[in-house]
């Protein structure tokens, strides 16, 4: 029983990183209704920027964190300008394919800068733990959970209590009508994209600090985990993103415990598949959203 | 007030507007009639800046609107109530109104205007916390009009406000249109429901296949035999 | 010379992969499961020729059947969802297949070595071609015979009533449904045909590389599969072929001299292509222009 609860706690902790990744994804998907495969690789670019500062200039965790967030946001803007802003309505799939191409580009750029397979990343709390009776949690995991909940709350407040949030929700509702009431839709989308990538950057920094290493594969990992957590939680729902992430973490740790590490991801994918088919809107999602990835007519 | 001259808008190789010129008079209701596919909505979308014209000019007072972004055009004083209303379905009635005032920063004045809209459209006051997507078609149309008015436009463009509404609701919408006009709002209206339009509008244009083919007053319109047959004849319940 | 033969083989196999995604795309569905079907084809065909000692062609037939049956079985639940949901559901399926093979071991003793898939180490020694004395040229010709057959089949399908039905579903599901088309049946048929083609492609792939492992069949391959028809355009099968030649021949091989800088340009060029031609390289307009070109030539030669 202790094991069961300890596993659940570990799952929630690991899941908070998935929740953070899903949060950024949700903002992009909610506003654009398009799939950004370069989401993870943009974060990876931020991670590499942080690592370079750490290796070459001995930067501390705060500077590195800032660099990761900034790098991810800049890479995100680059992706938006190339793959999303120029694509007309109905060309969602062209955006997706383009973002895949940029993914390869960003991965290659990272390898050009730092050609070895892995590089060290500065830790945040070197694996120190807190004990609660028979249970214990890592401090850096706890920071991750707090950040996930805090950022989710911040995103929710921004969406529902600010002028910028009003503009974003108007765009989500009806892009044309948003133009008609005088919202600068292109600028709002760019800002949302940069903010989403920055949120991803926070997630990236925390995960990399826990792992204490960075590899070019981090990009794909982040895209997949964020995507899965978002889909489980529900499209376009901020609480859904976090809960989906936590749930994914719990599913993973339990599968690993009962079936072994090699089955962890397999089970996560099977659960995701079952989830999508049985409840396409996710836990918190509304009815499946308009179909933006439909291919354009030939 | 609003001058459109020689406007050409195209989708690829197909010209939807083939050199449209018309004039909307200040403090009047101007109505554009025409069959489906004549280019009426294209004209509205071009004036609002959603579509870019290939050629021609749109002037408000003395300023050119062609080339400005939709947001700038709203700021200059042109607001469009779009076809099918396009309210923001997942936002409350109040939030829809606030979105309509997006270009303005005078908070106190905005609240005064919200109050004004609630007075003019009592239904909206009753439902101000309700999500716009849950309103009836008529209420959504009122909300769309109120949202457009929130930007304090000098010209209000309306694209088929009677579309898909029950006859009683249509009558209500049109009485609001003349009321707004009596209070001094300049209105440029696209309609298929010629009978209703005939009762409120001061000036008519007829558009067919991307061209203006008739221009005149309600009297002249009612006398024109071709128009009689095509638009007034048996289409009593049109729209 | 062998280098070029090898390249032409790669182009052939990737064309099959792209065409399998093309079938599904015609009905308006974006599937990232094609790499999974491709993997199933590769493992099944490999096991049949290596462990069961079957000849290649029947082995490919069975791998096509197994992959097609899997596609059909996956299609029933998966095609209840559309758009992004389907994209993610098919990613989940494809990754589940990959991880299945990551954990899958089935080996037999043959002399002093063990043959068959061995989990994460993959499946080595699929030596049907060298053991039976096929030269690179033979393999290349065989692959292209299969590609030509599949393309001809799809070309014919495209111009038949079935093709019109597929496109109708892709253009507007509601309208198609209202004319009495059974949308679910159409989508699942397209998925099944796509699975069959991917299965054949995977089976051939296993034999010319002689060594397969799970990492080859991941999300990246699945995205390539979908990128070919999107980049090429959906108006006909040659778009997909053109896109494979563009990506595999030009961007990957042609730019090899650029070394590490290749992928930077690779990404940029695909984005450029998608910006300039969002409906694909060979869209309806380009096809019309090509037809005119050939038509006017004919007129001239007639005169």
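Letters are used for the chains, namely A, B and C, taken in the order the chains are written, and counting of residues starts over at 1 for each.
Keep in mind that, in the parts below, a contact is a pair of C-beta atoms (placed from the backbone, for glycine too) under 8 Å apart; a residue touches a chain by one contact, two chains touch by 3 or more.
Small disclaimer: the values here were computed from a predicted structure and weren't measured.
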Check every other chain and keep only those touching both subunit A and subunit B; list them. none
Top-ranked pair of chains - ranking by C-beta pairs in contact: A-C
Chain centres from averaged Cα atoms put subunit A and subunit B apart, in whole Å, by 42
Take the average of all CA coordinates in subunit B, do the same for subunit C, and state the distance between these two points in whole angstrom. 51
Interchain centroid distance [CA atoms averaged], subunit A/subunit C, Å: 30
Got the subunit B residues that touch at least 2 other chains? none
Mind pulling up the subunit A residues that touch subunit B in the complex? 163, 166-167, 169-170, 172-174, 176-184
Taking the complex as given, what residues does subunit B use to touch subunit A? 48-50, 69-71, 74-75, 79-80, 82, 86-91, 95, 98-100, 102-103, 147-148, 150-151
Can you tell me which positions in subunit A touch subunit C when the two form their complex? 29, 35, 37, 82-83, 86-88, 91, 93-98, 100-109, 111-112, 220, 224, 227-228, 231, 235, 262-263, 265-266, 269-270, 272-273, 276-277, 280, 288-298
What part of subunit C is in contact with subunit A in the complex they form? 25, 28, 30, 77-78, 80-85, 87-89, 91-93, 95-96, 99-100, 102-103, 167, 170-171, 219-220, 223, 226-227, 230-231, 233-235, 260-264, 266-271, 274-275, 278-280, 283-284
